[in-house]
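Each of the two complexes below includes chain A, the first together with chain B, the second together with chain C.
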Partner chain A sequence: MLSSNAFVDPGKMKDYHYTGPVEHRFSPYSFNGGTVLAVAGEDFAIVASDTRLSEGYSIHSRDSPKCYKLTDTTVIGCSGFHGDCLTLTKIIDARLKMYKHSNNKTMTSGAIAAMLSTILYGRRFFPYYVYNIIGGLDEHGKGAVYSFDPVGSYQRDTYKAGGSASAMLQPLLDNQIGFKNMEGVQHVPLTQDKAVQLVKDVFISAAERDVYTGDALRVCIITKEGISEQTVPLRKD
Partner chain B sequence: YEILECSLSESGYKAPSARKTGTTIAGIVYKDGVILGADTRATDDMVVADKNCMKIHYIAPKIYCCGAGVAADAEITTQIMASNVELHMLNTGRPPLVAMVTRQLKQMLFRYQGHVGSSLIVGGVDVNGAHLYSVYPHGSYDKLPFVTMGSGAAAAVSVFEDRFKPNMGLEKAKQLVRDAITAGILCDLGSGSNVDLCVITEAGVEYLRAYDTPAKKGKREGQYRYEPGTTAVLTKTVTPFSLDVVDESVQFMNRE
Partner chain C sequence: MALFQVSGLKSFAELREQILPARQTHLFDRTNHYNFGTKTQEFAVPLGVDPSGFLGTCSRDGGVSIDLNHGTTTLAFKFRHGVIVAVDSRASAGRYLASNDVNKVIEINPYLLGTMSGSAADCQYWERLLAKECRLYRLRSNHRISVAAASKLLCNMMLGYRGMGLSMGSMICGWDKEGPGLYYVDDRGTRLSGRMFSTGCGSSYAYGVVDSGYREDMAVEEAYELGRRGIAHATHRDAYSGGAVNSEYTLVYIHQPTTPVPRCLRHFSLVQTGVSTIGRVAGTFQD
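Coming up: the complex of A and B.
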């Protein structure tokens, strides 16, 4: 019985008793899991991520948050291949400094988003395997969320989920924040407390069904007062 | 007309991927018998399909089997074994031996050349004492005082290698298996939820479902109820059936 698995898909789970021929090709990528979520309010923004770093069926770390502080008013969440996440954030930090030195002002959230798009597209033919979501306050002090694909396509959103459990979270956010698929419900504007509560609840649910999401949740709340952080425990299995 | 999986991929189609259990299963022989342990998570690739499935299957009154690998294969294989064992008991007039179950299992798995993807731990007590076997998908087996299988086997066996001793007492033995399965639940992404134990002795079987729950669901703060009418009703059609009662019969079920 000849096996058809001549070429193994890198990053895909292999059967653990597989013994047929396999063509090994070095893959520069690996998938480290993790889920990121950002919500924009009237005068606040929230960026949240789980803190589990995994590879294959193992856990590398239970305390590796995926939110990185860029400026006093902007936080970026990066999930996907951890190596590229680290390099990309280093590059963004360097570019922020360069901008500050040339233009004598801090980059705004919108400017960072536009810049990130060009950085990502610069690697169009050997992409950064990173799913980015930027959350922060725009020049008018209103909450802003920018979501990206690995090669730099981006748009401004009110809320966005990215990473391994994104397909589980996004429909729930569409319903609870966007009031989609509901009739006769009052469209109340989202308060900061309600948003934080919702973010915590959706991650609790994601941790139930996504094996890559769990351990703990890091929530960064961005307001004109600054960035405050909360850590909430999640399932460790 | 049979369609083999190989011929599907030649035509460019992919057979639907079978649901695996992920799994950590383990067993030890202790002073009075055997203890089998298993986690309760079933995965569909990397999404949890069942948070509380049963992986310790009945084969005979004092022989149970933990199953890892493809969920359907483990379930059906153990059911076939249970059926064969009962027929064998009636044929021979003797209670079954664990070695007999293992031999039938390995003969069947070898015949399927590894395509029946079930890794099993068979444990039980028979007239010759307490026995523990691990059986692999291609048909090989090991007879050992302690065994682990599944994606969490490495995590579980490390606990056994550290603390296993022959002829342990009941409480220490249960604690050891609990700790081994918990290591799999916490350190392996394919395993999770609860620890199930099955203690088999000469006297009988104690099936401890959810013996321990190292991972509990978080408490949600918000309320997510919907008022009636939230889902839009576009059209409504009521078709009444006019039925007459013609005949009535009552049958009592023999519930034991």
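Coming up: the complex of A and C.
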């Protein structure tokens, strides 16, 4: 690492001038893009993700959703490095089955979140490059969202965006769902239809401005009746 | 199996390992996720690379940027009537604000609290592990663990991983047989007992404010106000601590275990223009 210029714009085209010798090494990670969003309501939860899988300037797939169903009441959204997303979801599925066989009950959303935190921390020194958000219903039937960082720090939220367009979506959600920075507005609780419409609008905006988000949107709505999915087209360019 | 583990009895194989030195510790590049009840947590380590610098080197290529959540200003002080703990609620991941409502007071048990500053995941994980060890201690020896012993356990956990890039600055606070207890433990294995500590990037501001108003025989309300002011001034000036407007922070008062759960003044919201406080939304008391 002899030249600091090499670190100014990681991954982007560098100006064609010689900045000094730069060390190249194999990187075990790669960034595959994608955005995930989860919203918790009074008796429902929504997990939505775009379906674009990219790497650098290329798109590998336009139909690779990032929501994975874990149980009848829990869905996880994983974005970041696709290899780690696949492995992590495999491990979570295996642990869910083991729990079911040992304890004769399905894991609750809160328990899955706590378990995921320790799974991620087991890789504290060589992390899974995945930004996870779990959405589901808790034991009382209320919506719950748990957001994680790559090494397992987590907390329960009402709404959270993760992935490449998260910095664009989170302020919009803060304003529309959290009523932050608004004066004289009544804090109306979010209905399911309004929440679904908001999620669709928010992703359409994200696709406008983030190159790694687009193609289609997969929305999973979790209620006590079960999980229903919708697919909505987004910008393909 | 669970009872066997909880009772702390050692199996023959383990005793044998202690007498005949064990093989070298294995470095794993893949943790085994499928063992329930492993006594020691396994950690995967990138082989052949220094773990503390590893994430930094990965964050250069292909748009990869692994940013971990970090917590910021916390303070705690002891006085005659107990311990006051005040923390802000901001978590930053690089330059992005991951969250404005993180709970940085971690309840180890109803009589012991730990604070979070540094890496959020490190604090949450090791303090949760400390909670498990404190619970096992309580079950095995039939009395509550002291604050000194709990902080020693945490300090030894940190020493085991010293130099590997953990980042944790935590205050273990509680009330035990000796009275109010306050220890500062950090990722390098520092463990200090003291009257007052503040950690995080905003700590210098907090130290100034609390040092100027501290008296050992303060009334409880005065102590609340001092803790609140310490955090308020730190968050006002430090960019990485909960901002000047719309910031929430948590104030906790630890007192005698006649009422075992610490009374919590949660989430006072501070609204400021300039440097004078114009209003305060009353918090709710929780028992």
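FYI, the second predicted complex is superposed on the first by the 215 of 237 C-alpha atoms of A that agree within 3 Å, B and C clash if a C-alpha of one lies under 4 Å from a C-alpha of the other, contacts with A are read in each partner's own complex, and residues count from 1 in each chain.
In the analysis below, a contact is a pair of C-beta atoms (placed from the backbone, for glycine too) under 8 Å apart; a residue touches a chain by one contact, two chains touch by 3 or more.
This is a predicted model, so every value here is computed, not measured.
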Can A:V185 be said to touch chain B (first), chain C (second), both, or neither?
first
Please indicate which partner A:S61 is in contact with in the superposed arrangement: first for chain B, second for chain C, both, or neither.
neither
First (chain B), second (chain C), both or neither: which does A:D149 touch?
second
Quick one: is A:A94 in contact with chain B, with chain C, with both, or with neither? Answer first, second, both or neither.
second
Give one of first, second, both or neither to describe whether A:I204 is in contact with chain B, with chain C, with both, or with none.
first
Of the partners chain B and chain C, which touch A:S27 in the superposed model: first, second, both, neither?
second
In the superposed arrangement, which partner chain does A:F126 touch: chain B (first), chain C (second), both, or neither?
second
Considering only touches as defined above, state whether A:S102 meets chain B (first), chain C (second), both or neither.
second
Which chain A residues lie in the overlap of the chain B contact set and the chain C contact set?
1, 56, 181
Which residues of chain C touch chain A in their complex?
29, 31, 33-34, 36, 41-46, 51, 54-55, 57-69, 91, 93, 96, 98-99, 101-103, 119-125, 164-166, 246
Please name which positions on chain A make contact with chain B in the complex.
1-4, 13, 15-17, 19, 54, 56-59, 164, 176, 181-185, 194, 197-198, 200-201, 204-205, 207-212, 232-237
Residue numbers on chain A that touch chain C, as the complex places them
1, 6-7, 10-12, 25, 27-31, 55-56, 81, 91, 94-95, 98, 102, 117-127, 129, 147, 149-155, 157, 166-167, 180-181
Contact footprint of chain A on chain B as seen in their complex:
5-6, 9-10, 22, 41, 43, 45-48, 51, 69, 113-115, 117, 119, 136-138, 151-152, 185-193, 214-222, 224, 226-227, 229-232
